[in-house]
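First chain A sits with chain B, and in the next complex the same chain sits with chain C.
After this line comes the complex of A and B, so read on.
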């Protein structure tokens, strides 16, 4: 139950990409028929992805995944609009693939030619459910602001951000708006026209595609520098020979997602509620982490008091259950995750964060099994916890 | 989980020895804090300078639980002097090694043990363990 970390590739996706690993190995840039066959496959994949998020095929640029797409969005916009615009607004609960490029830009300091100050980044606070307040975005925008980047839904706590509301503000102020939709594409309805964003990142392996392939939606007319320089692939926006099997795979995964979407939402919501209700009923002193209703159907994040995340994960793993934690001890950093801290969780509680995340292959029986096993694990660990009686 | 734990660590994690508290302990150690995510409490019974029983309670990761368990095992039946020579390295070695990022858990176990002995000495001799100062576990 760790579908937010990654998903098993759909069998039809694997089937679709196989020929492009074998006999259909052509380079889409070649003019001969092998190349043109590959090029046609790439363009078909682009159409399928565009169809899933409701945009034009030429607005899709394929990348190596969510991290690259996020880096592309940040660097692509800021380097195009500098030095007149040097300010980025984001939130404290973004993925590292947004936060780290921002930290990097901040450290770069003033431009060597002295034309303008260094890059500045505003990291907006969130409330205890992890929600960004759109009015905080409005208040943070200055005439130097180039880009606002707020994630569609948070990977740890599942909270869905008010993207449409923020988009209205960025449009009004003439500022570009990027959303990291790695956790939402293929999971909930993602319609770029409806959301009103200029840029959007996604990754195939979060929606039953393979690893190493993702895309960035770049709304027509958005001014960006090239991210990888070299050949003229992807309409000069991202050099590098296309990952043809990956593109075929993400296209197929997008096509399947489109047809399965309502079923996926229904199923994961049902399983999540069964899991939440069962856990709340069987285990005292736990609480749901993240917003109760504005949340990803697949995300069941909780805080378990008096016990530490890694020891829960290890015990779950011994019972054949995969989950995830934002506790310090899992990362080696000795600090609880930035998301858990940003929503104001106390140090004691932050170590007890556990995330179950559901997907298309999970069953009610599996949820029942977790509900049978997990309360015993918590009981065992609490029996040895010195925090319990305090 | 940053690195795989040894079989011995997993064995002690799955079946920790000496979990719980002692009634009227002769020494109690309390180290760590919730910010760093590890808290250990150690209880000892001492008779004729020999540790006859030891128990622990730990809030922490797999390594924290395993090192607490091993530390109590290593000191049972030992004299105070012998127990004081049980270092964090000895605890880690007895567990077949720890991933580097988890070595601090063994330091915590050593501190918990010394803290319990310090408490015992204060109660019996009025003076604590000479030079004992727990490590700063706030990181």
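After this line comes the complex of A and C, so read on.
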């Protein structure tokens, strides 16, 4: 129950990529037939991905994953539009792969006017459900703003942001709009034309593809520099020998996602509601994290008062249940997550954050098993907890 | 005969990575057992790679390939050492993945002193064999120099650079030294302690691993910033969910390379000499490109006067032979390669550049077949050529 951290590649995805790990091993840049065979596979993968998010194939650039796509979006736009535009607007609950490049630009970045001014970043507040207010975006835009980057759905608490509403504002103001859709592509309907974004990031391993491959959608006409520089691959937008098996895999994963999408939404919503309702019924002093309805079908994030997230995780693990405290990417650390803090959770409560996330292989029986095991774990931990009712 | 462009993954490499594309799909950042199983696999891969190049496992950072490793080396060092150090020394025959980040820094980079000075790059000349003179490196170093980056062996002409000699100079001067070893790791002995470098780039698909995975060796104590920013993976040196199957694969490829290395050197040297001698004997007006002895065993690059490289390639392809004109990364373009120009080849001759590159699956029979087919192709093309003896 940790599908938000990663997913098992679909068997058909592995099957599809295997020939490109074996006999069809050409380099797409090579002029000979081995190379051209690999190039054709790359272009087929591009079409499949474009078809999933409703764009043109040439608007897809393959990357090594969500982090590279996010870094690329931030650096690509700001380096192209500087020094006239030196301002980025984002939110306090973005993934670190957005926040860290922003911090880097603020601290280390060039001084576009030669006077040490550097880049500026506005980090918007969110409400207690994790929602960005589109009017806050409007208010933050200045004539120096190059880019707005707001995630499609939050990885920890599952809240889906009002991307269409924000896109209307950025369009009106003539500012580029990027969305980190790592948690939504393949999970809910992601249609870039309907959303109205200029840039969008995604990662295969979050939707039943392998790790090490992702993409960035770059709307035709969007002005940006490269991020990885070298050869002329990906129409000069991203250097590096194409990860052919990975591209074939993400293409297949996109194709399968397109077919299974409504089924996935239905199934995970159902299981999540079953889980939420059961937990709320069986465990006192817990609450749902994130927006109750504007949320990812797969995400079941809760706060369990008077217990530590890590203790819950390890006890669940002993029972064969995988879950997460906040984001997998920072789960090595003991700090309360920036997302949990940004939605106004008290420091004590924030320790009790736990995220279950559902996927295509989960069953009702598994949810029942969690509902049987988890309340006992909470009860045991609370009995030992110094935090309880102090 | 295009192993310098890419190689087929070794069957044992594919076998080793498969479980990590299937049941062992955990995210190494997850605290539960599925995550820890993946983490253990990543650390095993790191040990195998470290063992191949004789360093500590914690000195290896996995990347998406050679391009990212090279971009990382350049940006990582210069952003850390600026504004005091703002100068990079490299050569005119480096891969584009070194040259392009350098061009970007020169043109777009920050002004470290706030006065628009920006970064400076010295591009060293090479001799007619493609060799960098270590004394040129010494002469170019100033008190502003942050980094010297000279490739271990050139991808087009195969010349092996005097890395140890250059390392002595950089060490003496207190300047970091990076080498792009994409063409050498797994092909010839690469021992970072013996070479004396601080940073080294490599890519799995050049030594019988898959595309989309590489590494950078960062000597303990080397000061550099991140390149991909976000989560705290790779001991905070490279954000992004680890490409677990890719890392298992590059680990296995490194292990196999270590075992097979002397055999690979012996075999490819033998086949290359057979090819060179046969070509020189059978075709008039050709010459070897690159240094005759200080060269990669696998590389058989030649200049065939009075013909176009691309015509040779396409005719070879029709006979089932894969080769390359210069680097695969720029082979979409019709420009004469920067490497061929830098070694002083005349514009006319540079069009006749062709590179055969040998590998573990090539046989003497295949070399004989090339020696039978290729002279006829050259003869045919020369008969039609407007360049001939004009």
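Operating definition for what follows: the second predicted complex is superposed on the first by the 373 of 390 C-alpha atoms of A that agree within 3 Å, B and C clash if a C-alpha of one lies under 4 Å from a C-alpha of the other, contacts with A are read in each partner's own complex, and residues count from 1 in each chain.
The rule is simple: a contact is a pair of C-beta atoms (placed from the backbone, for glycine too) under 8 Å apart; a residue touches a chain by one contact, two chains touch by 3 or more.
Remember, it's a predicted structure, so these values are computed and weren't measured experimentally.
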Next on the checklist: Contacts for A:386 in the overlay, against chain B (first) and chain C (second): which applies, first, second, both or neither?
Outcome noted: first
Checklist entry - Given the touch rule stated above, what does A:210 touch, chain B (first), chain C (second), both, or neither? => result second
Checklist entry - Given the touch rule stated above, what does A:313 touch, chain B (first), chain C (second), both, or neither? => result both
Next on the checklist: Once chain A of both complexes is superposed, is A:242 in touch with chain B (first), chain C (second), both, or neither?
Outcome noted: second
Next on the checklist: In the overlaid three-chain picture, which partner chain does A:56 touch, first (chain B) or second (chain C), both, or neither?
Outcome noted: neither
Item to check | Touch count on chain A, higher of chain B and chain C | outcome: C
Checklist entry - Looking at the overlay, what does A:348 touch: chain B (first), chain C (second), both, or neither? => result first
Checklist entry - So, A:23: does it touch chain B (first), chain C (second), both, or neither? => result second
Checklist entry - Touching A:336, do we find chain B (first), chain C (second), both, or neither? => result first
Checklist entry - In the superposed view, which residues of chain A touch chain B and also chain C? => result 310, 313-314, 327-332
Checklist entry - Along chain B, where are the residues that touch chain A in the complex? => result 1-2, 5, 10, 13-14, 16, 19-20, 30, 34-41, 56-65, 101, 104, 139
Next on the checklist: Can you tell me which positions in chain C touch chain A when the two form their complex?
Outcome noted: 2, 5-9, 11, 14, 17-18, 21-23, 25-27, 29-35, 64-68, 70-71, 79, 95-101, 103-104, 108-111, 114-116, 203, 205, 210-213, 225-226, 228-233, 239-246, 310, 313-314, 316-317, 321-325, 327-333
Checklist outcome for this item: Residue positions on chain A within touch of chain B in the complex are 306-311, 313-314, 318, 327-332, 334-336, 346-348, 351, 383-387
